[in-house]
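In the two assemblies presented below, subunit A is common to both, partnered first by subunit B and then by subunit C.
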Partner chain A sequence: MLEFKRDGSKAAICLAPAMLLMSVFTFWPIINSFIMAFLNNYYFAINNADFYNEMMSVPKSYGYFMGGRFTGIGIENFLALFRDKDFLIALKNTAFIVFVSVPITVIIALLISVALNSIKKVRGVFQTVFFLPYVTNTIALGLVFNSLFHVDYGLINKLFNMVGTSWINSGATWGRAMFVLMMYSVWDGLAFKIIVFLSGLQSIDKQYYQAAQIDATPRWRVFWRITVPLLSPMILYITITSFMGAFKVYSSVIGIFGTGRYGPIGNDKLLITIVGYVYEQFNISGMPFGVGSAGSMVLFLIILLITAVQMRVSKKWVHY
Partner chain B sequence: MEKKKEEIFENSDERQRTVHHSIEVRLENLTKEFSNKSGKVTVAVNDFSVTIPAGKLIGLLGPSGCGKSTTLYLIAGLLKPTAGSIYFGDEDVTNMPPEKRGIGLVFQNYALYPHMTVKQNIMFPLENMKMPREEALALAQEMAELVHIGDLMDRKPNQLSGGQQQRVAIARALVKRPRVLLLDEPLSNLDARLRLQTREEIRRIQRETGITTIFVTHDQEEAMSISDEIVVMNLGLKQQMDRPQAVYEEPINLFVAKFLGNPPINIFEANLVGGKLVMKDGEVIVEGFTQEDQEVYVGLRPEYLRVSEKGNITARIDLVEHIGRDTMILCEIEGYDHLIRAIVPNDRIFETGEIVKFDCTKLFVFNAETGERYR
Partner chain C sequence: MERELYLNPQELRKFKIKYVISRVFVYGFITLMAIFIIVPFLWMILSSVKSTNEIISRQVTFFPRGKWQWENYSKLIKGILSTDQFGNEYYSFDPIPFQWMFFNTIVVGFFTTLGTIITTILAAFAFSRLDFKGRETIFAIMLATMMIPGEVFVITNYMTLSKYTGWIKSSNHLANYAALIFPFVTSVFYTFFLRQTFRQIPNELYLAAKVDGTSDFKYLLKVMIPLAQATITTIIILSMIGTWNAYVWPSFVTNATNKHHLLVSNGLMVGLRGASETTGPNSVLNLQLAASTMVTVPLLIIFFSFKKYILRGVSRSGIKG
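So, the complex of A and B:
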């Protein structure tokens, strides 16, 4: 019993540093963000002395929270959020990225890993090649795509004899810009998925394949009836984490278009995402933090809902 | 469900489907070498020739690492031989891929697809043959009935016991009516009671289907109890092939004599002097050898020893074990440092320390170097 107690305190001591950091940088902000989302007209103006004085001089009937003031508790932030055209664009862009790029990436990664798993000689070389994007900086990759698709000197335009076609520079259409972002997301997302799928494939007992071979099973049936079901826990894990990651897409957009923009010059918010939108709300001093917080909450709810649906659906086809 | 079963068994044509057309399997000078990364070559199967008669149940028996599983995989086609040929009947299948050979293979750990039900597992080979679903279902059910798992069709493999999984694996191997059924250590994953039951089951299924069956095992009892013939292997070489009792009674060499038998055979050194077999304590056991004088090994199965006043093997009893119907006595012979085991009837009481005399109903004499049998 005493032993057990001592172990408990040891565990507490070991966990303390992590818990402390998590509390300061994760739990506390989440709680605050949640509260802020429900404070009507919450203004935070610590950086603006004039505005601060003005704010502090308003009648006491206003509430104060974390150095900002608000006019009441309710869902006004959410109403403002859904009235904002930018947020609706962000919602549409994000949804498109999530529901198009993730399935494409997962399928391509699966096919590449199965192909890689079936070769022996140069597998290591290919593994390295496919894994490189994972260890490369997002922004650096974005810059590469930026120059690849440049309107005048981009390799793609030169290669396909399309100089003058704007993909990501001014005048680019939503479709073209989104195409580049898709290419980027798929390419960037492949690495980790391939590594996970490969390790999953290698843990599948070879005898299943020998048994299938003896029964003259065609390759595609082996893939669909044996490989995919046996890999389904990995596929579920990858799908859920990829959906979460894709909902939070932000840095890749910045990487492709340049600092502070979510689209080509002249069309700043062409490919703005939810996280981009939230960041914009927090970025400007004196601006409504409440709306940004509400945006975060909406994002959180969407991810929660999608993940719940995935977990529910997965019960039918994931075999542990 | 019940009704379906009846339908299948009422129709005699349908029932005919379980009966297989038997085929002979012939291995000629089969050799398989493996080389590891440093280039070292291991010969797993060495110039192995054997003819397995059609419709028989054959046990490939040997210690682990003797090449018996490799031989099975060569017959299956999952491994390519380095040299030699494999014939199914008159057909040379040496270079034929496994899926064209028409074999059924039951893996040691069964390799049942864990995400499919029993029914789906058994039907899987039929799907590849593009058999209509109704027909496939009926055939799968029939196979399941044959191996007595007809009521477990909707379970997943992890909801079955080891023995049931084994039966599913056999049903899956049999459902496409293979020409040859191969079983890799079929009983090694089962507990003792189930092993006994399953080996009789395998025997029954083999008899009912009449399919040429080859199974691999390291367990002599398993091989002896159900095989029509056994092939004893060691170090990649065929040692002997015969009916189990014949191999036991007339082993061709020292290895086979030592490998078969439980409790194991007694082996002790002796000398051939002028055609007489002389033990270390100077007693002559038998005469009439034509070989030149040399040191030899004598092999005596425990049941070959008989207590007799006129016997010429003198021994002192060290330990008496009662094993039910018989008594096993462990005794010491002068000049030998290991004990001799004898199984004797319970007709008298033996005491530790007592001196007894044995004669033997039968004995084997082997060349001390080559293990070749003289008598």
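So, the complex of A and C:
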């Protein structure tokens, strides 16, 4: 009888490349971010001030870590975070995107999938159309939505005779800009959800529907009593991944404004998101990565919490 | 069940009408949503060949009137030269070096994918076939990192590379490639995906190979990789698409003043920053859409050619949230 030998040395060779790279680019960042979040006033770029201070024999009152300096250990980054108006705006924007666009997208995707599943003619054509946005480039299509909603030359404004109404150009209001972002998020998010729902629908046993047909069950009842419960694992999976995705919204905002910022010219933080806020630290002189890391820790905690709640709630109604 | 539902003509008519109405609703809804999906694509492609006059006219046109302005695409790459009142030439629209952007993206995508394939195949082989201490623990830790939001990695990787290498915003083309490639030559998700495929290969094959005196590495090369070909193809396509669409990391590590260092996604943003604020005859909205078309069409071609492989990857996880 052949037996599996312990092959530790072979495993070490096989795992070495992946593990080496991961420890530098995956594991270390997690540890480093955690540390940076608790270093007060952590600025990344060491600047000439150090040299100047040394020359003027100013007492050194800070420590160094990973090419940056800090003044102490504590929770000052988190305090700075919640004192910053931009971060609060980012929280509000992100929450709005998550709790409005995700449910809308999931519901529309579910309806489309059920409708698609119930038709026979030209189904292939429709299916292809709905799958199209799946691999598109977020920036490129963001720029397309930017032009669709352009203040003077956009299709929407010309079509509805609203030329001069600024959606994403300078002078845009929060509501209008958010509307465009919502449209784009729904447009962008549908394909993936429809693909998953359709494969779920196709794996539901036809017998349930045949039984319902014999009993002449109304359509909506079939939908609520058979389709939704049997599709609930997919719905849970989609909801969790969409929530995670929506919390990390970043490039779609950059794309729709076309300014490289989070808002139109003159109001460039209109739709800043949490991730946008974190990346914003690259643009602040000295790169206060302590605050950025604290921001990503907060984001991580929020995602963890929401996912835990979803898993908890889902136990009641998800049927496996 | 005394009622003869299907023989009663009135009932039958009622049923038929109901059926037709429900069909109308279903088809109406799907068509409406399909229009919502397709309009941005059509608008993008059709408007990219409109003349500036047509773009800025008050009339609504969906299809281009008159000749299709294919020269918009050459304007995009060559830029628009204007002359100011003193007779000096200047670019009213800076050229976007698409040829470089495509080249860079393909080079970076190729090496990222090659690296990813090698590291993930080896790791997946170890996790699925080899027996060693702490196998499950290490794998669980790897999987757990998939929960962490991406920007955690971006900040520290930026720090690591700028502290220990000179690759960040380097004016050296190769250093630029290195900064774009190295952080992405392995992937937890693809390791997981491959491990699942490798595990489906029956043990008997392995034992038979052992009896024949085949070494583990030969077995990996001659048996496992060919059997997992479909999964590997999926990974190659998804990884290439990932590079094509990568925006965040390239936008931080490439030097935007060297436009021929950019990848397509961030090149698009750098080249068209503020383009939508241009007004009147200076409007470059058609060029903006031409640029979007140039980035989108290759993706659509890939999508149609490799639909089967791309959709295989979906059921495991999305490349989009």
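Convention: the second predicted complex is superposed on the first by the 279 of 320 C-alpha atoms of A that agree within 3 Å, B and C clash if a C-alpha of one lies under 4 Å from a C-alpha of the other, contacts with A are read in each partner's own complex, and residues count from 1 in each chain.
Everything below uses one rule, namely that a contact is a pair of C-beta atoms (placed from the backbone, for glycine too) under 8 Å apart; a residue touches a chain by one contact, two chains touch by 3 or more.
The structure presented is a predicted model; accordingly, all values stated were derived computationally and were not measured.
Visitor: A:D205 contacts which: subunit B (first), subunit C (second), both, neither?
Guide: Touch status of A:D205: first partner only.
Visitor: Have a look at where A:L301 lands relative to subunit B and subunit C in the superposition and call it first, second, both or neither.
Guide: neither
Visitor: So in the superposed three-chain picture, is A:R225 touching just subunit B, just subunit C, both, or none of them (first/second/both/neither)?
Guide: first
Visitor: Should A:H319 be classified as contacting the first partner (subunit B), the second (subunit C), both, or neither?
Guide: A:H319 contacts subunit B only, not subunit C.
Visitor: Which partner chains sit in contact with A:T217 here, subunit B, subunit C, both or neither? Use first/second/both/neither.
Guide: First partner only.
Visitor: Does subunit B (first) or subunit C (second) touch A:S33, or do both, or does neither?
Guide: The second partner, subunit C, only.
Visitor: May I ask you to name which of subunit B and subunit C touches more residues of subunit A?
Guide: Between subunit B and subunit C, the winner on subunit A residue contacts is C.
Visitor: If we overlay the two complexes on their shared chain A, which of subunit B and subunit C does A:L148 touch? Say first, second, both or neither.
Guide: second
Visitor: Output the subunit A positions appearing in both contact lists, the one against subunit B and the one against subunit C.
Guide: Subunit A residues touching both partners: 216.
Visitor: Would you pull the subunit A residues touching subunit C in the complex into a rising list?
Guide: Residues 2, 4-8, 10-15, 17-19, 21-22, 24-30, 32-33, 36, 44, 66-68, 108, 111-112, 115-116, 118-119, 126, 129-141, 143-148, 150, 152-153, 155, 158-159, 163, 168-170, 187-190, 192, 195-196, 199, 216, 219, 241-242, 244-248, 250-251, 254-255, 258-260, 265, 275, 278-279, 281-282, 289, 292-293, 296, 299-300, 303-304 of subunit A touch subunit C in their complex.
Visitor: Please name which positions on subunit C make contact with subunit A in the complex.
Guide: So the residues of subunit C touching subunit A come out as 5, 22, 26-27, 29-30, 33-34, 36-41, 43-44, 47, 55-56, 58-60, 62, 118-120, 122-123, 125-126, 130-133, 135, 138, 142, 145, 147-160, 162-163, 182-186, 188, 191, 207, 210-211, 216, 241, 244-245, 247-248, 252, 264-266, 268-270, 272-277, 279, 283, 285, 288-289, 291-292, 295-296, 299-300, 302-303, 307, 310-311, 314-315, 317-321.
Visitor: Please output the residues of subunit B touching subunit A within their complex, sorted ascending.
Guide: Against subunit A, subunit B makes touches at 76-78, 97-100, 103-105, 107, 109, 111, 113-116, 124-125, 127-129, 172, 176.
Visitor: Given the complex with subunit B, which residues does subunit A contribute to the contact?
Guide: Per the stated touch rule, the residues are 205, 207-208, 210-218, 221, 225-226, 229-230, 232, 319.
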